[in-house]
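Next come two complexes built around chain A: one with chain B, the other with chain C.
Take a look at the complex of A and B:
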């Protein structure tokens, strides 16, 4: 074996060892969550083994029933779907307008949207609650969905505007010659090309909505309207926590979002790594 | 395309329409106590069977989110019929002054104060504004305690026996002797969540009452006695002695109370300094744990040692509620003996009703037995400023880790106190 081969093997081993340690750091908490979900309240603090001696699969069933996950799960699916669709539609329309249209106060409006990202959510709780109450939207699904769309808009508009700014205008000109309207250009040309950026927006906002609880607690009173995170609260007392059931609940709550990530990871990586820049190759592929 | 968007908008607007009408035979209660929801629901069902009035307990946890919801609802004028205020007494005062909280004094004093007499006075004190209070609230009782708490010391019976200790120590010197015996058999002595400042403050306050009495403590807060006074140095010295005798568990100054509770529940430490809520926590972690409750061992100083305690959770009645009378009637019912015993058995918290004590499990009885010996910053006429308290608590932590002496800390705290006074004086002269 020559020195180059040795160097290559050493380099590769070091790289793989580093990547493996990073992967382990990410995966270990998930493993620990599932492991703790399979223990009892008595053994969770005592048993330090990686795989518990007695596996309590019944914890998942108990957590589902006690946390009333059936209703909350459906609510979360509804909120996540509605909010993500809302954000994608509104932010892409807004971003496309900011990128392509000329209208008075365009920059001021854009900076206002961007500035909205700087306001921490708890800072806006009281005015938001008063506003929603005046609109009779407190304790309604619609009110919560509107608020959550509002939360996700700023970042999504910023991401998509950057994307549309870099997108060459030739395609739109060609479509315009074919008789496409402004709305048609957005729907038929801009949106399909923005798929990687939209994938990033979808996963970021799905995660955000799926894990959201504070705004839901503020705006919703009716238990039947609450999202999945409300179910997890059942296992956390002010002073005591039922760890196995909480971990089982967390596993149930995390599973769908993991699936969404796995399903969309190709687009997400593309969206993030390419900086969402359009290339001529893509245009060729599109036509 | 336009049709599609219009349809979606119409559906969304329709989904948002409609408000729930207020039922005159229903009471809505907002609370934050996750571990009491099941018991509350059972009581609500019982109350409905007895009176036909539906009580809806709505849970919003954790407590900080709950507090934000209450503040937002107050501003929007949509508070429920019954709610709790978790913030400081000054915040409660602002709620009262804004007209959100009903004055319950008359109700408490009806029929020769039968309701008032049934509740622990220390628990009521937290919800009472005295004549001449600094918040300038009309004197009266504005809240109903549903349970009480206090902070004491706990001992592990098995570990004490292992060290040959038959009875828990009563005096500070006996405690130090017990610490030596435990060390000989390799058992760590005392654990507490002293990573949280309020618990350090609580322990120090116990001994401050013991060493110098309430009057001198309040005089210190008013700036009439310096922290460099020998009595305050003695209070700080307690921590130095505990450190020197090896009576503190390793890492105690960095420990959150949750971890300290684990240590005691899993029988790793012989003594713990913790609140009465720990009965619930220890039961969840280790139902077989054999332990007892004791007052922190007093020094031979002349004043009685006082522990922190008072109302655990309290409810207020919305002054603008359409069912105010029904809400008050329900609170009277839930604080009656039978319901208090039920709540106590189900949730393992101490009842606010004194008559319920006789029917409690032994460990809760032991905790409740010290209620007459309690005090709390919320009922003191004056409190120390946050800056000075922080300097004091951090100073104690420095003593425990051997960084500073009690004299150094006393001087530093006094400097912070004087700086605060000078600053306040500058502001008033400007």
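Take a look at the complex of A and C:
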């Protein structure tokens, strides 16, 4: 082995040591959460071994039924599904029109959506709550779903319009000659072709809705309507000392996201970073 | 005859345009009701004194803003957010950049690292906050530390470092800032790595042929090429960190009054605890204006850098 090789091996060892240690700090807290969820209230404060002597799966059962996490979980699934479907339909309709069709005032409407993404308004949940109260939509699933659709709308329209603008129009022209209506062109031609962009929108918004906390807190007071994030905080307030049960609840809230992420990591990493880049690209472009 | 055809044509034309417009109606409707109306209403409400329940609101002009200028807790909360942002800008982004540089070459397990570094960003702030609150717990039971960090410190011969991490005002905010950075560095990593990959490899080769060392290559090739991406990451970090609050609620709740408050938690307190909706809106407007000003300044800086 010459000097150059030794140097290279040393360098690669140091790089991996650095990367591995950071990776470990990412994984360990999640491991600790699952581990603590598998203990009882008596052993969790005493036994700090990495793999405890006896594993209890009963906490998941208790959290799901008595901790109300079954209800929270189903609510989260319902909200995420409804909001994402709503966003995909509404934003793709609008983006298709912005990209392909002509009507007066088109640019004004488009820039309205762009502007919404550039102006941070951190306290907007106050007037939103007042509005929802006046509309009697507080404590309704419908009201929360509408609000969350609005949250994801601007970015999704921008992403899809950017995609439609680049998409070749040959297929649409052919379909139009065959007598396809505008709505038919959107549904049968544009939407299937835009699948990669729609995947990004689905990923971005699913994560956003599943992890949303503040609107769920302000708008939903009824336990039967709460999604997981809100339920977790309620549960923590009521059982702050029952850590194994709380950790079981956290695991229930985190597991679906982690599983979906691990199975689709390639698309998710690509989708989330392209979503973030486009947000910022537009932010800097239109200032 | 031609008048009739043009009329028919015009009617068809108008119908066509109207149909095109119909495509955006659902989006515009939802957006107008749930974004534009609250957007203007926040300015309106900020000029009123209102408890959120009464039918009548008292118009007080700029009184809420005048009060806010003298609100010490408010300015302290802004400083707390700035502190978290400074930690995120330095610690989090330096770590992200170092990791991205390490991954921007042929190394084994690159995919594994990418996937793992992006796990904290996909978790919710509530989950992250509650896990870390459990690890940093400072309680004792039967002479043993409940929280893992204190337990390890005590066991590894560093009992003097055992601490009330989240209930001591001196350490609570730094702990929050570090957990926030832990949750966020994956974003910076992914975006910086994407930026590094775009850099033309031939630039590196050319620099090497010219006899440049790796530090010199980093300074003269990598860094200048990365300015736009770094700018993007910096803006995202600032806007994200200034508005952090769910993490704080899940880590310390409202337990450490005044020591871990940030602007958004102040707005929440004004709204749901002291029932002063007008004041909450004045806080929201002020904070929004500050954030817009920060982004404008950053934009100016990046423009100047581009010109050079």
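The definition used in the following text is that the second predicted complex is superposed on the first by the 201 of 287 C-alpha atoms of A that agree within 3 Å, B and C clash if a C-alpha of one lies under 4 Å from a C-alpha of the other, contacts with A are read in each partner's own complex, and residues count from 1 in each chain.
In the analysis below, a residue touches a chain if its C-beta (ideal position, glycine included) is under 8 Å from a C-beta of that chain, and two chains touch if they have at least 3 such contacts.
Bear in mind that the values here come from a model prediction, so they are computed numbers and not experimental data.
In the superposition on chain A, A:41 makes contact with chain B only, not with chain C. Contacts of A:262 after superposition: chain C is touched, whereas chain B is not reached. Contacts of A:97 after superposition: chain C is touched, whereas chain B is not reached. Of the two partner chains, chain B is the only one that A:139 touches; chain C does not reach it. Of the two partner chains, chain C is the only one that A:12 touches; chain B does not reach it.
Once the two complexes are overlaid on the shared chain, A:234 sits against chain B while remaining clear of chain C.
Measured by the number of chain A residues touched, the leading partner among chain B and chain C is C. Looking at the shared chain after the overlay, A:65 reaches neither chain B nor chain C. Applying the stated contact rule after C-alpha superposition, one finds that A:126 touches each of chain B and chain C. By the touch criterion defined above, A:221 lies against chain B but remains apart from chain C after alignment on the C-alpha atoms of chain A. Once the two complexes are overlaid on chain A, the chain A residues touched by chain B in the first and by chain C in the second are 45-46, 122, 126, 128-130, 146, 213-214, 218, 233, 236. Listed in rising order, the residues of chain A touching chain B in the complex are 41-42, 45-46, 122, 125-126, 128-130, 133-134, 136-143, 145-146, 183, 187, 213-214, 217-218, 221, 223, 233-234, 236-242. By the touch criterion given at the top, residues 17-21, 23-24, 26-28, 30-31, 33-39, 41-42, 45, 52, 95, 98-99, 102-103, 107-109, 112-128, 130-132, 134-135, 141-142, 144, 146, 148, 151, 182, 186-187, 190-191, 194, 231-232, 235-236, 239, 243, 245-246, 249-250, 263-264, 267, 271-272, 277, 280-281, 283-285, 287-288, 291-292, 295-296, 299, 302 of chain C touch chain A in their complex. Residues 1, 12-13, 15-20, 32-35, 37, 58-63, 65-66, 68-69, 71-73, 75-76, 78, 262, 265-266, 275, 277-278, 280-281, 284-287 of chain B are the ones that touch chain A when the two sit in their complex.
The part of chain A that touches chain C in the complex is made up of residues 12, 15-16, 18-19, 22-23, 25-27, 29-30, 32-33, 36, 45-46, 48, 89-91, 93-94, 96-98, 101-104, 109, 112-113, 116, 118-124, 126-131, 146-147, 149-150, 153-154, 157, 182, 186, 207, 210-211, 213-214, 218, 229, 232-233, 236, 243, 246-247, 250, 253-254, 257-258, 261-262, 265, 268-269, 272-273, 276-277, 280-281, 283-284, 287.
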